[in-house]
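Paired with subunit B in one complex and with subunit C in the other, subunit A is shared by the two complexes that follow.
For the complex of A and B:
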């Protein structure tokens, strides 16, 4: 048993409680948030892979109890997981580390650009970190559901904490959808409990693999899949929830938006891995994944093209890019799934860069309407160039990370006999490039409108530093993708 | 047989609650009634979970002194659904509280509880951040 695995969830939870407790004491919460934010990625890196059984209740098969009767050793009880299990795998390590980097940089920018830090906002950021880390670590579907609901409440809180117009309306809309998505997910989990007698993913996948092709159970398994799939669509913001998800991103402050999109991405990955383990043998699994992923990509980029608000544009592009992760699982095989997950990681880094980088435009002008903006390249050329490079990374331009992951997905599609998917991916990437370049032109290159007023003169250096660090990460992952593809591939090999 | 029917009845009630809840969430305009409908969905799912743990003629899943273990294993209800539903109720209460709090704020802002008025009025955004 590895004691430090639960600390990845417990430390941000406790930090969140203390930040709320000390709300109002500016210096204390700034120092505490900085230390915990910096410590989380370090903890993630130093924790070794393994399993943690809560309460020490491991399966009987691992307990080395002598003289157990054959009545028990021959039954399914022998291998049953009696307690919540956390599994720290290479995939969990890569994504929780990346989440830690995103959270730390978001907090760093926030603390340095705001004179007075908000305890409740930092509380929500750390609760978000804890909840999505638990989603990735947990091998228990009900535990995942609990953290899924906590994540939904936190996302609502981050919207409420922002100063955007109509944020309360958006928060209520999101809560209403959450109150439909959550119970439907729970119903799917309950049906699996009824079939298998357990909510542990390992137990369920073992039981289901024998049941999927039996006529008596296949319909029920399919029904459970459809319910959990619906919950997954909601959690990750895939169609038909792409509109509300992008609305949510655009209503939060830039630091909040970057955390929100990281939450959605990790929820998507945690649930898609769980679904793959449980329902991967279903005949329709791959087809449904490919369909919803392509729909998400097309809707994302086409809706982004129609936006005049650049925050919504980035939000739509970000939600559309999530489709690449599903596509990897839809194509199937170690290489394709690794490519999809690598693209997910890249998207998390690049979207954070764009939300924080373009957040400086709002910081300077108090508007995100591209029709009212222009000529901002003269205000800070270095930031404008970094934002442009970030956008190119998202579109899949070499030598950035987005290029490597999209190329891997194209290769996987061609190798598995899906040339049409490869064509769609290339077209979507070209469309993303044009959408971003058009927005960049409107904000930075076109002549500055006469009525454009500036509420601030310069961008905080901390934000420049944050965006630079994120850009360097994009470049490193583009040049040395094996830093993350090797551990991801290693984990996927264990699942297949 | 009667007990089995009780379980079936519970499952049907759970199904009815979920269907009524979804109908209310989609078609009723008043936000408070919509939220009540959403609670119906939540409670329907909770009832469904409880009914799974039901065992006809069973006993509570607590091993008391003097009980025969084999008899207990064969006759006790399945305890896991009860544990799950407790957590689910707490989550439902939290979600409900947040939604009601948001409704109060929005009622003060708009002077109405009509979802079509409150949730669909959203402007073009982009400005007035």
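For the complex of A and C:
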């Protein structure tokens, strides 16, 4: 038992409650949000790997009880997990740490840009952090679902908290689509509970590996897989939910968008790992994963190319880039899955950089329409260059992190006999480069329109610092990818 | 009339109410090329299942693509923010996934 594992969820939950409680006291909530935001990545780093059984109810097999009857030790009850189990693995450590960094930098930018901090907004950010951390830690499908639903409600709240036009309408649309995706996911989990008698992923994996070969049960297993797969599409914003997800990202404030995209990415990773553990042995698993990932990448980049709103463009690119994570699992094997997860991590960092960096354009001009913008490189050249480098990192230009992860996926595709996937990845990367250069030209390089007005004169230094830190992380991960690929690979080795 | 002129006229007819720049048109042409090339290359992956199936699917895709040019603008119009279209595609996708996984996996 490792008591600091549940603290990773409990601390942001308590912080969220206190932030809401002290909503009117500006100084208190600013200090509290800063301290907790800074403390979360530190807690993640200092917590050691292990398992935590809530209530202390570990499986009988681990209890070392002497003289148990053979009818117990030979039954499946002996290995059953009676408690909700949290597993703190190297993958969980890497992603929760990265989430902590994204949340801290988003909060830091927010607190320094706004004179009066909003308690409810910070409440939602910390609730979001707690819920998606629990998603990654939990070894219990129903527990994951509960936290996932909390995360979905929080996402709606973050959109409502923004000052963008039509934000209420977008929140309502998201809720309507949630009412399709969420229950379908729950139905899939319920079917698994019905046929396996447990919602623990380890127990289900064991049961499914036997059930899938029996003609009576294989159809039910496949049906459950299709429902959970659909729920996963909704959770991560892959097609057909790519439109609503990109709309959601574009309607939130930049600090909110960066947290929202990190939430979607962590949800994607938590559920794809769970699905891989449960259904990874199904023949169709890899096929559907490759199909939906390629569809996501094509739709994401092609729709981004046609946008005139740069926030929407980044949102579409972000959703499209999620396909790379799915591709890693679709190709299969330790190297490919590690590459896919590494790409997911990179995408989380780069998209945060772009949302916060390009958020300064809205901060200065109150518009995100590229047709109304131009010549902004004169306003802050340093920020423009950092945004350009961030865009290059997303497109996969060396020496940044995106290049390393995309190259790894290309290598994995070639080594496993899928040269078509390698070609598609390169095509999508070139298109991403084009889209970003086009947007950069529209915003920063083309002549400034005469009717462009500025509502503020300068960018807060805190945002410059945030973007610089994120860019340095991109560069470090590009130069030393083994910092994260080694722990990820270690975890994947355990799963395989 | 070249394909570019055809594309440009189609684009202007569809989006005449909005301000159109050459960047919008170049973005749409990029989307067109990405959709066509990536879809055809992705179809080649079916060779892992059956060569005949791959040939048939590619021929069908070619006919569909050529009869629906410019495809990117039609995609763009379908991928809009209306809740009706989003719900329709969500339900359609659910049906396809359940059918494909259930009968494809059995």
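In this section, the second predicted complex is superposed on the first by the 496 of 496 C-alpha atoms of A that agree within 3 Å, B and C clash if a C-alpha of one lies under 4 Å from a C-alpha of the other, contacts with A are read in each partner's own complex, and residues count from 1 in each chain.
Methods note: contacts are C-beta pairs under 8 Å (C-beta built on N, C-alpha and C of every residue); 3 or more make two chains touch, one makes a residue touch a chain.
Bear in mind that the values here come from a model prediction, so they are computed numbers and not experimental data.
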(request) Could you say whether A:366 touches subunit B, subunit C, both of them, or neither, answering first, second, both or neither? (result) first
(message) Under the stated touch criterion, which partner chain does A:175 make contact with: subunit B (first), subunit C (second), both, or neither?
(response) first
(request) Could you say whether A:241 touches subunit B, subunit C, both of them, or neither, answering first, second, both or neither? (result) second
(request) Return first, second, both or neither, reflecting whether A:208 touches subunit B, subunit C, both chains, or no partner chain. (result) neither
(message) On the A-aligned overlay, A:427 touches which partner chain: subunit B = first, subunit C = second, or both, or neither?
(response) second
(request) Please work out whether A:418 is in contact with subunit B alone, subunit C alone, both, or neither, and reply first, second, both or neither. (result) second
(request) With the two complexes superposed on chain A, say which partner A:308 touches: subunit B (first), subunit C (second), both, or neither. (result) both
(request) Decide which partner touches more residues of subunit A, taking subunit B and subunit C as the two options. (result) C
(request) Please work out whether A:299 is in contact with subunit B alone, subunit C alone, both, or neither, and reply first, second, both or neither. (result) second
(message) A:225 in the overlay: touching subunit B, subunit C, both, or neither? Say first, second, both or neither.
(response) second
(message) Quick check on my understanding: which residues of subunit A belong to both its subunit B contact set and its subunit C contact set?
(response) 170, 173, 176, 180, 308, 371
(message) Touching residues of subunit A toward subunit B in the complex: what are they?
(response) 142, 146, 149, 152-153, 156, 160, 163-166, 168-173, 175-176, 178-180, 182-183, 186-187, 190, 193-194, 197-199, 250, 308-309, 312, 362, 366-369, 371-372
(request) Spell out the part of subunit A that touches subunit C in their complex, as residue ranges. (result) 170, 173, 176-177, 180-181, 184, 218-219, 222-223, 225-227, 229-230, 233-234, 239-244, 247, 282-284, 287-288, 290, 294, 297-299, 301-303, 305-308, 370-371, 417-418, 420-421, 423-424, 427-428, 431, 434-435, 438, 441-442
(request) Show which residues of subunit C lie in contact with subunit A when the two form their complex. (result) 19, 21, 23-24, 26-28, 30-31, 34-35, 37-39, 41-42, 44-45, 48, 72-73, 75-76, 79-81, 83, 85-87, 89-94, 97-98, 100-102, 104-106
(message) Going by the contact rule set out above, which residues of subunit B touch subunit A in the complex?
(response) 18, 22, 25, 31, 34-35, 38, 41-42, 44-45, 48-49, 52, 78, 80-81, 84, 87-88, 91, 94-95, 98-99, 102-103, 105-106, 109, 118-119, 121-129
